[in-house]
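Chains: A, B, C and D, in written order; residue numbering restarts at 1 for each.
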Amino acid sequence: MNLSLLILIPLLTAIAILFCKGLKQVRVVALLGAVIQLFAAFFLLYAYSNERAAGNTSQMLFQDAYIWFKALKIDYHVGVDGISIAMILLTSFVVLAGILVSWRQERMSKEFFFLLILLSLGAYGFFISLDLFMLFFFLEIAVIPKFLLIGIWGSGKKEYSAMKLALMLMGGSALVFVGLLGLYFNSTFGGTTTFDLLQIAQMHIPVEVQKIFFPFIFIGFGIFGALFPFHTWVPDGHSSAPTAASMFLAGISMKLGGYGCLRVATYLMPEAAHYYSPVIIVLATIAIIYGAFATMMQKDLKYINAYSSVSHCGFVLLGIGMLTQTSINGAVMQMVSHGLMTALFFAAIGMIYDRTHTRMTVQLGGLLKIMPFISTVFVLAGLCSLGLPGLSGFVAEATVFMGSWQNADTLYRVATILSCASIVVTAVYILRAVGQAIMGPVNNTQYLSLPDAAWNEKIAATILVIGIVVIGIAPFLLSDLITPSTQTIIEHTFNNISFK
Amino acid sequence: MNYASYITWIPMLPMASFVLVGLFGRKYFKNLAGVIGTIVLLAITVLSFITVYQYFFVDGKVNDVYQSIIPEQYSWLQFSPNLSIDIGIVLDPISVMMLLIVSFVSLMVHVFSLSYMKGEERFSTYYAFLSLFTFSMLGLVVSTNIFQIYIFWELVGISSYLLIGFYYDRPSAVAASKKAFIVTRFADLGFLIGILILAFNAGTLDFHTLIERLTNTQSSQFISITTSSFLGISMLTWALILVFVGGAGKSAMFPLQVWLPDAMEGPTPVSALIHAATMVVAGVYLVARLFPLYSLDAIVLNIVSYVGAISALLAAIIACTQTDIKRVLAYSTISQIGYMMFALGVSRYGGEQGLGYMASMFHLFTHAFFKSLLFLCAGAIIHLVHSNEMKDMGGLKKLMPVTHVVFLIACLAIAGIPPFSGFFSKEEILTAAYNSNKFIYAMGVFTSMLTAFYMFRLYFRIFHNKDSHVEADHSEGSLSMKIPLVILAICTLASGFVPFGSFVTSDGISLTTHVDIVFSILPVTLSVAAILFAAKLYYMQNELPGRIASSLGTFYHAAYKKFYIDEVYLFITKKIIFNLVGKPAAWIDRHIVDGFMNLLASITAKISEMIKGLQTGKVQNYALYFFGGIVGLAVLFIYLWK
Amino acid sequence: MSEIPLTHILFVSTALFFIGMYGLFTRRNMITMLMSIELILNSVNINFVAFNKYLYSDQLNGVFFTIFIIAIAAAEAAVGIAIIINLYRGHHSIDVEDAGEMKY
Amino acid sequence: MNTDFFILMKFELLVAVIIFVLIFIKLASNEWSTKAVLNVVNILLLTNFIAGFFLNHDGTLFGNMFSTTKLVELQKNILNLGTLIISAQAYTWLKNHKHVLEFYILLLSTLLGMFFMISSGNLLMFYLGLELSTIPLAAICNFDLEKRKSSEAAMKLIISSAFSSGLLLFGISLLYGATGTLNFSELPQHLNGNALQLFAFILLLAGFAFKISVVPFHLWTADVYEGSPVSVTSYLSVISKAAFLFVFVSVLYNVFKPLANTWFNMLMLLSILTMVVGNLFAIRQNNLKRFLAFSSITQMGFILVGISGSSQMGIASVIYFLLIYFFSNLGAFGVIAFVSASTGKETMDDYKGLYKTNPFLSWVLTISLFSLAGIPPTAGFFGKFFLIMAGAGKGNYVFITIAALNMIISLYYYLKVVKAIFMDANEQPIEKLPINTLPKLAMIVCITGIVSIGFIHPIYDYIYSLSFGL
């Protein structure tokens, strides 16, 4: 199929939204766009698996390239492999859910939905682009809408958070920018420098150059992926953002980081990846453990989820840093799983907040009696996040652990054990939150009259739950999808290792 | 007929009923939920009886050795070409036995709950959870793959969490459920790491291959796992210890037993099912499942046996002092599981050496019946009295005759009085202990004496002691509560006479056992003495117990306070983890890491504030700067840079 | 008589240049500042003429340049003074220190 | 020869003719209404702009004093476009102003000066153009005669520019002394990088740096921008900057080729200084004109990065960026000019809550600022990307990293304005303003440019084909 559709559909949706009048039209159009996009994504999956079944073994499928800036060898080049498809599916799920959740967005609805769609556009473009310039272009597209979304519709100290988020993410992309230029000018493919991912992958970038630019790109994307110590935008950003925005933020944007670290940093600079992997491991482990402990101390539901996101995204970076087939598989799975799970979590929190106007666990309590559906969703998200088998979280984390343990080196072992230990802490904070907010006696009697989820919220939550459960019960679907792609990456990595 | 045609239904039916009842029960058929669940359980009980018959009597045995048969197996998640999680069903003596126990006891509990939980607001949810638990437990026992067992391990954990916290508006219940899950989760961490080690060194997760490779001392895997070591202890030992930690957590072995007594916050039938008969013995089952590996390593076996023995003794002592009947039963459960553990610990692989293994399984078998019976009785009593405390009871003999009788049977069984089932299994255990480790044996005998004492303390204080002041608002409960009691009582009576050794042994070759009268004299007499003593203390209300308690003084108090283990845990978690790790982490994140980012911003602002004076607004200074710039450039690039 | 060497003339022009600059930096009166700028321009004129005369006597570039500079300097002065007058209307002073309203 | 004369000097002649027409109108009649005059002027400018695309020939006149190439024509067209847009935006301000014609006469004469300067092939011609483009500017800076700030700005501009041109001339004279020629085509042969020439070059560089306001020669900028009428400010910040940059680049790349190594380092130093100082000052500003002054200083820093690339990509990127910078900056100034002309409000606090009352203006301003900040999908992203890319061609990545980090700081203050517009509450926001067609048209043109230019790659390819490296 023609991948450009994936960019075109959101684009048209956004433009259509500009010409809409009133919330009713706007949200319908947005929903329509999201649904179409979801179908497109599924069709893509279908087409992809057909191609693979037909024995098409080329790394990237449905490639599509036009010359863009001839003089600079910048092309419009798209293509997908299993990983990108997984990410695209994730995105379309989250987008649909996000739009449904913000169904009653009265204030400045047109701008709101426009920005949401724009954000998703950025994500889709990012996941399918094979030209580093395009990649960067879409990466930055996905940033500024967040600033406006948080700043205008957010809550709490929104301006501060919005500014912080925008600046830190842009800082990350600035580092990426420098790194990309470094790659570009050191990539002499057929005599000309190029931005083309696949071409750069084919040629061998000198090791010392890699060692210079790997940190730029990895840290740059790492900031998006909440790499310690550059994760501090996460708690503030998530907690101030409106529901849909934080769903997008945690569900999609943080995945841009992980994907970039994998696709650009690790894939294009294998030696450097190996050279720096201990550092990555250490940082990721710190993020995991310390994020978990920091979460334990939070009282605001959104902060709890934000910090736990730091901890969970640590697994992504850990998996990437471990550089084994299995661990990278796990990293990708964790991206998908965390995307769905955290989006669900934020959706539930948002629903609770809309009704009770508080996110403090101590003020809530006994919600299970008041709003059973939302509470169940919340508990489900929690269980997924503490890695309950049958939900996606377990699969991803198990894969990461299993992959990480394949590294016999002591440091890696220690890191793995520590990361495993985080599952206990996770259990602690999740169960605390559930115990305080969902279970227990009803603290505030005027909550008793509050309604349960409305149809749109139910659908939104259900969509995400389906995603989580399906991955949790039939993980082979996901792993079979991504394994060939991760395999090419890891093989390419190892083929290029001169000192291994 | 072959297994494949029906075996999958055994776990799948409860799953189906969970989904059905869980999703729609609450809305559409709230009151049918119980019936549905019960019917399903009935079906799978029948199926598991068929399985038992077919396995043990038809085709389980190939030239006198019970094979392990794998009728179903699917690859669930492929880690790497040679490493994958398979979901499957294995049939071998222990798994078949567990199938029987789980489905049967679960059925009993389902029936009992029909009237026990009647009128509960979340009646359907309750049954949904029960089905979920049954599914998970069945999945656990038939695991073909160590990761599969971990998966279902977690699932039983969560269903136990949900059921303990069933009365979610009681803070105590919430706390208890949380505690149960977190403590076991902590133990599972060990299990997980153990799995990782085994998987890495053996290159497989499949039980069969795993055992095959590691028991063969020539295999490269065996060499790698024994040679590679950490802190001077071989990886094999590490793996086994860590896996055992997982088992100890689930089976509430010392020092991880803290969660089980609190778990009694759940509905009593749940305690009967999960915290007496099935889930808590999962640890024992796990060790038994990996027994060929454990038998390779004497150190680990010693650890197992001592942990078991200590838990048995400790729990028994504590049980003597508790006043909440369910807690007494909980501690007795810990104590009995302790028996099973150290029976495994003192056992070896194969032949006569394997007596302990067989005994442990035997005790697991008998214990399931009489302990669930005891709990259900307790349930019936609480249903009547609306209290867990002994002091609210007494003289219930007349009010609930049936319960009284079956309770007495159960007590005799657990006290190890012939010819009740407990006697036989316990004898085997003690024999095995005697043959291998006298010290353990001594602990075992002493414990059995204590057991007799506290059980009859319980019995007398409930049914005799003083005249009942409970006004019998209703009789001892409907038929659906009595029937399970009676059936279980019959099982308790009968199960002792099962020639267990010819079915379940460490190596599958049947093992003929005989009760040695001479050997049995000592423990039985001790138990009888204990019973008489208990009778003296508690048959009639008197101040003797109080005096004894006060004479024991601090020791009694310590025992009553469960030897302050909970307090220690609280100290470690609340004081140390929260205050010394969690709070600092949160603080550092806000003030140091985040503070650094903010610092950058404020520094920039500061500098811009500082240098604003450059723009004086006086054109002459501008010209001056201009000239300065030129001079600077000239100096730099004409003189220095050259 | 031997003619004056180029260096002398350049010395004069340079001196003139710096005198002008000094005036510009120190004088408060705007008109004076304009005058000092004239000094700078004149030093440039001297340069041009001198170079033209001594080094490249075969061409007239420098001379022409000088003429143009003189012309433009006049224009500049005209506009400058016009502005200063207008400034005076507002500030009632042509002290450059007083015209420092916009800063930072 | 004479046809050549008319064709090659087409741009200059057209502007000159327009100037004369305006003078005649001035002389002929006083009873022309301001609106009529404005319409006439804008029509004339439009025709001028359109005419710029026809009958173009390359060639030189007056013995290389005047030369025209495709690149030069492109640059002149860009300037024409800018002037047109500015004059359209000035409408609101001028429509109740007495001296419209003088304004345009002066403005256009500066444009004329710039044209001469751009196509000059000789330092004398260059100097003439420069002065012609500076002195009238000082006059129109003072165009709000009654405003004190305005005259102060004009004073600062005239004095410091006179001073700078004095130093420039001193440099030229030294260069003349050192080489004996003023001709661009002959100079390179004589350059050997000795101390005198270097000093002369530094003086020249300082002259340019002053015009394009590079730190530390930038100090006049903020004050003049703040003081002068907004339209003049935008003219200063866009047209004259661009013109000088065009010349600067071509002079650097053509004439001072031999000194490339030296000026590369100088530019690096200056650009770092410029970016940093510009940013640090811009952070604190509340007056939007002043704010944009410093932001434009920062932009100059980025442009220097591109220039220092000293490759074909370098020039192409600079011109491309300038084209985009035109639209972005004019968009921003358009809004500010409009608002200040109709309400007199110029500070950021006044703009708080603007979105509630004037969504259109807010979006125009926001998009322009995003483009200035280089955020996709606006064209500014492409411009900046290519600039920095060109700079990176030299392989000095420390330099590039500094530039990239400065982009973040600049993003901060652009977002501050956006924040003020969208997020901050304000008890008396700017009331709903009716926008005349002409300014609205100008804004729309700017926005279209901002949104589209990045994606229309032929533009870049065309510029690239015209440009040249060292």
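Just so it is clear, a contact is a pair of C-beta atoms (placed from the backbone, for glycine too) under 8 Å apart; a residue touches a chain by one contact, two chains touch by 3 or more.
Everything numeric in this text was worked out from a predicted model, so none of it was measured.
Farthest chain from chain D, judged by C-alpha centroids: B. Once the centre of each chain is set as its mean CA position, chain C and chain D turn out to be 27 Å apart. Chain A and chain B have centres, each the mean of its CA atoms, that are 36 Å apart. One inter-chain figure worth recording: chain A and chain C are separated by 65 Å, centre to centre, where each centre is the mean of the chain's CA atoms. One finds 42 Å separating the Cα centroids of chain A and chain D.
Residue numbers of chain D whose C-beta contacts span two or more other chains: 155-156, 159, 163, 167, 222-223, 284. Shared contact sites, meaning residues of chain C that touch two or more other chains, fall at 24, 33, 96, 99, 101-104. Looking at chain A, residues 167 sit in touch with two or more other chains.
Viewed as a network of touching protein chains, the structure does not reduce to a path, ring, star or complete graph.
Contact between chains, per the stated criterion, is found for A-B, A-D, B-C, B-D, C-D. Interface of chain A with chain B (complex): residues 164, 167-168, 228-229, 231-232, 235-236, 290, 293-294, 296-298, 307, 325-326, 329, 366, 368-369, 372, 383, 386-390, 394-395, 398-399, 401-403, 405-406, 408, 416-417, 420-421, 423-424, 427-428, 431-432, 435, 438-442, 475-476, 479-480, 483. Those residues of chain D that touch chain B in the complex are listed here as 155-156, 159-160, 163-164, 167, 195, 198-199, 202-203, 205-206, 209-210, 216-217, 219-220, 222-223, 262, 265-266, 269, 277, 279-281, 283-284, 409. Contact residues of chain B toward chain C in the complex are 612-613, 615-620, 623-624, 627.
Of all residues in chain B, only 604-605, 607-609, 611-612, 614-615, 617, 619, 621-623, 625-630, 632-634, 636-638, 641 touch chain D in the complex they form.
Those residues of chain D whose C-beta lies close enough to touch chain C in the complex are 123-124, 127-128, 131, 135-136, 138-139, 142, 145-149, 151-156, 158-159, 162-163, 166-167, 169-170, 172-174, 176-177, 180-182, 222-223, 226-227, 284, 290.
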